[in-house]
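This report concerns only the one structure given below.
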């Protein structure tokens, strides 16, 4: 039995509020238990230097934790951990989109953690996908895209091993004592679910092929529910589809 | 008539959610119209070098805008404007508290703007006071303070002159075209309302003593309502006074 | 009686040396008692990004304290306090000039404190105005301006309350123990003196409308003398008006 | 057939030169084809703040690329990519060692890429393990450790999918066009080889469980050879075991 | 004939104002023609980490140019050139003093260029020596030193070759077109003048032993006059030897 | 007798490996005893802002020490000492080349110290010259230069005085206790050897003209051998002259 009463294969309660903010092209507040991440998608009509004159667009991500989001106040500003995370988010969201269809523009997904209780990077990916879709929808409504650049939904979840047992969606208290900790990003492709990123770490132990398999199974089950939550959030959105 | 239909002396709708987050000692989400600021108060058992061995405590503030909070995405990281604002917030909140009664500890008020529509620094002060009070209450409940360090409530509002007319609580659209822009911080002292900070700027014009008076009047009226909103937020708070 | 023998409404001795340096377009060394600030005005034929193609110019300021300017050596480099001050100087000096008449060029006013004894920011504004005027004069002499961009003189002074008494032009020793501290920037408009900035702080107390009035009176009296000193400095300047 | 004539399951030529440098406690130059990484292990008799008074030691890593190591000169200084990599190296090497047995000291593994041709992070882990072992050996020879802190060897290799085929040990030319790219870190435990880190990315595609399995197989085969190369390098080392 | 009418072996007019500022332990404004450098000496009762518990003191220097000191405004903040210069000043001034006699304290010499016309680093050394002596005198007057730590005066001058002719004390206009440029720091030892630093550069040419000799002769003649100017400045100083 | 058995006028063993790396236009690993510096020369088709539209090229240098290069691990990142050194290297190498003949391109010489045992800056200059020549040769082979921009070889060595004796090529152990320390850069011009830079420092003493002469003699002898080593390295290079 887990401390919060969940089954090993049970997600925390998930709430995604689409178009949470007025200014950005797309935004979503995602709450996975006590982990809350505000994701915004901003569009700029320019691309990074390495894509100059390439005709294709770019999707990138930034990640931050508000100082009050953790039990002990954390300092503002970038850290090695933050850089690692925002690179993961950026790679994952680029897997969701055909940047050639975006035209020469950049969508920046900002993921700011309002409250942290484990799994902030996977929540950021799951919520960031919703913000990205909303921003793309706005570009389509404005007639700026000739074809839909979204390839397939992506979502992410953490899994881990504690005391030999594989668990889904670890809160901080579990994450801190897991022997193996894994973040899995998957896409919902036409051929079924497929991996986008698999990042497993055995900082307090090692793991074998059987455990890897079991963790992948658990993640696949959880991510199926996240795909459903994303889909609902995107359909709930303002039916008129245009914000004032 | 103002663009949002308000009277010149009318505040935007104000909502203060106390104890918005689980981790920090105190927190409040304040919404003044479309300006939303998340204020958290964190306690550390140490003081800055210049107070070493002085026996008194310290209150300081940090201020940030999330990249998606503005119409055009703003970059992360500190700016001259941000430094100016966090110094104002810090000075104002120190006026609310007798730091000698805090003991050798520091309370940091982090004010993060989730959505910006003018008046973010004054909202940060008004909401920051609530977060500060909640953190002090936790210290009292833990038996760490021998006397109540709170001196009096403080709150803040912006006022300005547009087309010769004095207006209360300017949203961005008004702020950007005001001839005179003023931020006023007041305390609710036993002798009545009194100024803590007055910062008036005539970047697009100058102003005379009569206008200064009129703006002070408007601010005093608005701040009276903010004191009421703070008081209500602080009384709404968890009656058992202890979070699980 | 004040420690330096001045009356409450008396300025410290003020000396402004125009064209103190050979290289910059304009410069002035201002000495207000033991507060000495070297102000230089440099002209660059470009504008900041936000004014690109706007046709108007810009005036900005930077502020620094030499390490040896204070009793205890201060470190080089920018601080939150410095950012706050340079924003105040920049806003104030922009109020003195019609930037549309400057053409697409930037004038940077550098204010470097050689010796600090309170009131460095107000001395910087008063001296910076002289440096700005001298730089504008050089542009006019070079035939680069079609109309005089100077709107009206501006000058600044500090005022404060100590032991219930309002005092003009506080040296460091008074500033450090003032209950209320106020920096006031005024313009000498055709309709008479008018406020450009009013920044009052009650870090060690609060203040009421009557005190605000009394401080404004004191400041207005002091600033009238500063306008005279500026005017004399600008007329003393090299009568041939062209430096070799 | 691969461009360099290797079979899909063939490693590039690997050379590990132990004790390459005179000054550090341990060092190794590892060459995997044209990827050359200089790994040094330095011992300091202190621990990071979060371990103060914990009695245990710490192992951390830093990673850098010399500007001339890449085809187009890269700038000095830290990058998001570098932070991500040094976190991976640090986690992996900590899995090789029982830090409680190190005593209150820190071993820093610096991994500097002299020449980059793909797989620099995995070469850094494989070579870093050798440098770490040599530094531990010096501590043992100096009588500073009561028990051997090394748990088991670790080594790492990259694998990827190109044109549907799984390949071992990708040079830059293959890495740049791989659909799936994976870095795998394994330990040689008493129970056999086990995963320490699995980081797979499908930036240009997704991958399924079967491909994940195939890549793990390939990596396991390659890492077995790397364990042998490490073992030989560690046995070749100065037989007298003490450098002058 | 030089542009300013001087002979090849003639110094620019030199003025040293001792105790120019009120706050620092020692200060001097040195003017060598249009090169003006404000030198201050601040004493701190601590030493850098590498001297901890060594019982000896330290002398270090910082160098900066005010933005308005040059014809084209220069940016604030440190540069490679500034670092190179402040290291030269620090080494040179340490040659003037027996740091063991200073006790565990640090004297920092800040050299800030108010106006630059060539030779700022050598003026900084010559003026910095005066500021250093004044600070040491204050320590002696306060009874904090048991023996005089000053070993011998040091001073510095630039020399160079233009059109085959060796010239003393180059202004900017000459410095910019010199084939060879040399900064020479000398001490006035009991055995006569001796070199402390010799830094010669042939960026626009090379130089031979004969030219090196000729430049050393010129410098020795100039520095003799600088020693005299330092000596006079130090004797002119407040005869009561104690500032109020 | 010196600790390593050398005569006062004897160089340490010198080995220069040309074209050490595959990627940069030119590279050389230089080993002077236990001082090892990896020098690379990278070509970019652009020039710094101050040369825009000047038609001439630029040569600049960067210098770094790997953390494990010194006995006690040194931190990554730039230092005042490093800035001073990279300016010396850059000036010296520019003396070897007619930048007008380079065309509008920049050659950056990166000098990274793998192992430090005194004389790293002079080894960097001597090895950097070889890397520069190899890069220029590649440009010539590609038909990008109309005339050979190399003016003459340059090389550098350190000399110093210990216990009254002048010594050539100081290792760290000697350098740390030298009374006088000098770095000399010379060119092999058609008229014979000539100085490019002379940097002598008497941090632990002063020196006279006779000692300066003796040190110059020693350096000239050592540099003649370095010219020979450079020449051999440049002739040993790949006889086909074109790398694949």
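Each chain gets a letter, A, B, C, D, E and F, in the order it is written, and its residues are counted from 1.
One rule holds in what follows: a contact is a pair of C-beta atoms (placed from the backbone, for glycine too) under 8 Å apart; a residue touches a chain by one contact, two chains touch by 3 or more.
Just so it is clear, the model here is predicted, and its values are computed rather than measured.
Contact with both subunit D and subunit F is made by no chain of the assembly.
Taking the CA centroid of subunit A as reference, the farthest chain centroid is that of E. Centroids built from CA atoms put subunit F at 59 Å from subunit B. Taking each chain's centre as the mean of its C-alpha atoms, subunit B lies 29 Å from subunit C.
Centre to centre, using the average C-alpha position, subunit C and subunit E are separated by 33 Å. Touching two or more other chains at once is no residue of subunit B. Taken together, the touching pairs link the chains into one ring where each has two partners. Chains in contact form a single ring whose order, set by starting at subunit E and proceeding to subunit F, is E, F, D, A, B, C.
By the touch criterion stated above, subunit B contacts subunit C in their complex at residues 80-81, 83-84, 86-87, 91, 94-95, 182, 186-187, 189, 194-203, 206-209, 212-213, 216. Contact residues on subunit D toward subunit F in their complex (touch as defined above): 21-24, 27, 34, 38, 40-42, 44, 62, 64, 66-73, 76-78, 108, 110, 112, 114-117.
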